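Structure first, then comments.
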Amino acid sequence: MNKPVNVTVWNEFRHEKKNAAVKKIYPDGMHAVIAQSLSAHANLRVRTATLEEPEHGLTEQVLAATDVLTWWGHVAHGEVSDTVVARVQKRVLEGMGLIVLHSGHFSKIFRRLMGTNCSLRWREAAEKERLWNIEPGHPITEGIGEYIELPNTEMYGERFDIPTPDKLIFISWFEGGEVFRSGCCWERGHGRVFYFRPGHETYPIFYNPQVQKVLANAVRWAAPRVNIKDNCSNVKPIEKLAPKTEDFGKAGVIQSK
Amino acid sequence: MNKPVNVTVWNEFRHEKKNAAVKKIYPDGMHAVIAQSLSAHANLRVRTATLEEPEHGLTEQVLAATDVLTWWGHVAHGEVSDTVVARVQKRVLEGMGLIVLHSGHFSKIFRRLMGTNCSLRWREAAEKERLWNIEPGHPITEGIGEYIELPNTEMYGERFDIPTPDKLIFISWFEGGEVFRSGCCWERGHGRVFYFRPGHETYPIFYNPQVQKVLANAVRWAAPRVNIKDNCSNVKPIEKLAPKTEDFGKAGVIQSK
Amino acid sequence: MNKPVNVTVWNEFRHEKKNAAVKKIYPDGMHAVIAQSLSAHANLRVRTATLEEPEHGLTEQVLAATDVLTWWGHVAHGEVSDTVVARVQKRVLEGMGLIVLHSGHFSKIFRRLMGTNCSLRWREAAEKERLWNIEPGHPITEGIGEYIELPNTEMYGERFDIPTPDKLIFISWFEGGEVFRSGCCWERGHGRVFYFRPGHETYPIFYNPQVQKVLANAVRWAAPRVNIKDNCSNVKPIEKLAPKTEDFGKAGVIQSK
Amino acid sequence: MNKPVNVTVWNEFRHEKKNAAVKKIYPDGMHAVIAQSLSAHANLRVRTATLEEPEHGLTEQVLAATDVLTWWGHVAHGEVSDTVVARVQKRVLEGMGLIVLHSGHFSKIFRRLMGTNCSLRWREAAEKERLWNIEPGHPITEGIGEYIELPNTEMYGERFDIPTPDKLIFISWFEGGEVFRSGCCWERGHGRVFYFRPGHETYPIFYNPQVQKVLANAVRWAAPRVNIKDNCSNVKPIEKLAPKTEDFGKAGVIQSK
């Protein structure tokens, strides 16, 4: 477990270039802040990748060298190439971990892995959020107390259109009256997927120490235990089969006699 | 619950045209046999649709009038149009039921709803299969005893690359030494999905009364309870929000003062 | 599905006798109000039972004739006889439905079926609660809109010490800042169990039409599909076993030769 | 993760004393063989405890110093004191891991944590078993290949009366025609529970290297992440409550004015 985990922090990196207010909070992009916070952990080896890079920075080589990928996107989900999405999905199913952040709920990769719309209600009103830790024994909540309180957030409310999580670990309370399943774990293929709600571009949420703690915990939790290529193999019987009492022909069908 | 259920039985209908042995078993196609067996139930209204029809017989109108869709495909998964797959997925997420049969495990629609490869091991050796009913209280196993025994089947073995089912109801034993999760339930969006393993084209499995019983039960279980269109709505607060202690600017970001 | 469902509404019936304020709300006991609301449904046949009756009103005969049992208790959990608890558990495992209400979270029967402490946080401050319906397609939420709002309730907050529900259908928001998994479904043996949070003795919650709607829906959902007695049977092989290559003795152990 | 894990291997230790054939296989008891195999792992610190010891060897002190408890029992489940069972359950809910072996499916502690009968079918015919590894990425199957094959075992068949496992990792195939969920994971309270089927007293199964590997993996998987005492606390509101529009009296009930 102490072997190094190779993390790739992916960011759409669009708001930070176009919006002065966002740029003030994240001058080098959200990915830079997330990557820096993860890099503080000795066994996490962190790189970043963004939408504008060739192949969005997610080449076969990069993904092959990635244990856990974190994903933030919002306004440009549609610009992510289907080829890259298929490549990421393939790696998750082989064992790579995936951490989907905030508005990444609508990313192609998350919707593809979930099979659902991943819709929700939302509101931008800088309101208070309290994420209740309902699984204090889960590796992702290690060191987090009873809850995380964020003074100003975008609201996400239920119904969140996701498959029932394998494990639900955070439920949010919002000042305006809604609730949300804010920390959800699934397994898909041999990979682990974690959705974590906080992280809007216009609030400095990725600087929050508890949020940073959750991200580091989640990366370690999602680190692959295997790397297994997909196959659908034609296999021989292990046990001896009884002689067939009927005569099956070439197509496996009973021959008229 | 006694209101009629509109079922559309979909079949690729390719083997039955090209392979004499299959044609002998299913002269009018597997869909005809499945549809006939379902039609024996008073409150099931059954139609069929096949690959070669325009839009594969699954127009907006047909799907809008379908409560539960059953799906059999094998050699022509790739010929199913992505547009129709997206349309079926949309309807499942709105509430339509979907029953995926046998080699349908590799259909586009099943893989899209699962988010995984849906691979498995397989062997064609006309071997014995015994499907153990592990949930005798489930609506889908009503009237099925301890197990279903099929004398000659294609083998499907684990690992079956699917998300953990919400409910596992059949586990198969195979003569050649393998096991398989043969009856699996999931919910996706507002719809119910059931995968049922039996049904190879070269064995007369869809004539088996227990298999027919499971299909009728599954159709009733998967009948929609709602029809809810996807939306991701911007909502007003229900509770009054506290005045913000900081001044958030246009993009929601704290203004320097 | 339209066959009658025999419901037994069980109540500790202690507060209503000792506390004038509670008596004013529920002069004949909470069970009377619950039973009356269920009786409005044509196919529900309702009886009641209370702690002070012989065998708490839950004799073998009564339970044998009960399809679904609802349970409200609070101050006298310890006075419920272990014999009766074991009897109820046995019937749930055979197929009987069980609906556990509010402070019933600490009842012997609920803790026994869950295997956990079923603890939570709580506060009596007559605060507002909003139960978000996160599964609008579930039979229990039929006819319930986006949420149920209750103006004055006792607060229950997370962490609720329960096994992960098979299906989580309501999440509560509380005015004081907490959240709670307020509607939870499980299967135990052949029976279905539903925990529903609302229902404190000092607020007239069981008169609320939406709460009454949930109770009626839950009773129908939990109605048994089977009645299967427990057994652990010694069975003969179905398949012929290979001759053993080693000689096993009386205790099944390899004999030295 | 590399910190030492304190394991207590519990055994009924009855067959090994009374039955010569069993004694030949396990002269010092099954616990001795299990303990020895676990002790080969550097960070596992292993002790044993048996039924005949005072308090069955499971005093408050021993349990307080135990991270993971393994449990084998068969003929003397009824002799295990309820006090000790309650003590073990309390520790599991606080975070201690529990590994239940083979006929331990009928132990008081397992049934109490599951809430079900835990019944199954069975047969003693020294038949072949093949445990299929359906979750090759799970920590418990690390280093186990596609399956474990055991030449001579007691058969356990479905239906196994357990709550749906959080994760099913082994499914057994039996020569005589049955299947079984042989490796099942649950969480209860803050503790992890693993049921593992192999291990009959009359076959030398605990000497099998793959079985030993699973046990060591399971112990590490079940090692506690927290130690949290049960409480059900009365808490103050975090958010300011609105003034109540109605006057609630001492018992929380609306006062007539």
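When the chains are written out, they are named A, B, C and D in that same order, and each has its own residue count from 1.
Methods note: a contact is a pair of C-beta atoms (placed from the backbone, for glycine too) under 8 Å apart; a residue touches a chain by one contact, two chains touch by 3 or more.
Worth saying up front: this structure is predicted, and the values here are computed from it rather than measured.
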Query: What are the chains that subunit A and subunit C both touch?
result: B, D
Query: Relative to subunit C, which chain has the most distant C-alpha mean position?
result: A
- prompt: B-D versus A-B: which has more C-beta pairs touching?
  reply: A-B
- prompt: When the centre of a chain is set as the mean of its C-alpha atoms, what distance in Å lies between subunit A and subunit B?
  reply: 26
Distance between the centres, which are taken as Cα means, of subunit C and subunit B, whole angstrom: 31
- prompt: Rounded to the nearest whole Å, what is the centre-to-centre distance of subunit B and subunit D, using the mean of the C-alpha atoms as each centre?
  reply: 35
Message: Among all residues of subunit A, which ones touch two or more of the remaining chains?
response: 130, 136, 157, 164, 166-167, 175, 177-178, 187, 238-239
- prompt: Based on which chains are in contact, what kind of graph results: line, ring, star, complete or other?
  reply: complete
Message: Can you tell me which positions in subunit D touch subunit A when the two form their complex?
response: 1-2, 95, 130, 136-139, 142, 166-167, 175, 187, 190-191, 224-226, 228, 238-239
Message: If we count contacts the way the header does, which residues on subunit C are in touch with subunit D in the complex?
response: 19, 21-22, 24-25, 89, 93, 106, 112-117, 119-128, 151-152, 154-155, 157, 161, 163-164, 166, 175-178, 186-189, 200, 202-203, 230-239, 241-242, 244-246, 248-253, 255-256
- line: Contacts from subunit B onto subunit D in the complex sit at residues 130, 132-136, 157-160, 164, 167-168, 171-174, 177-179, 181
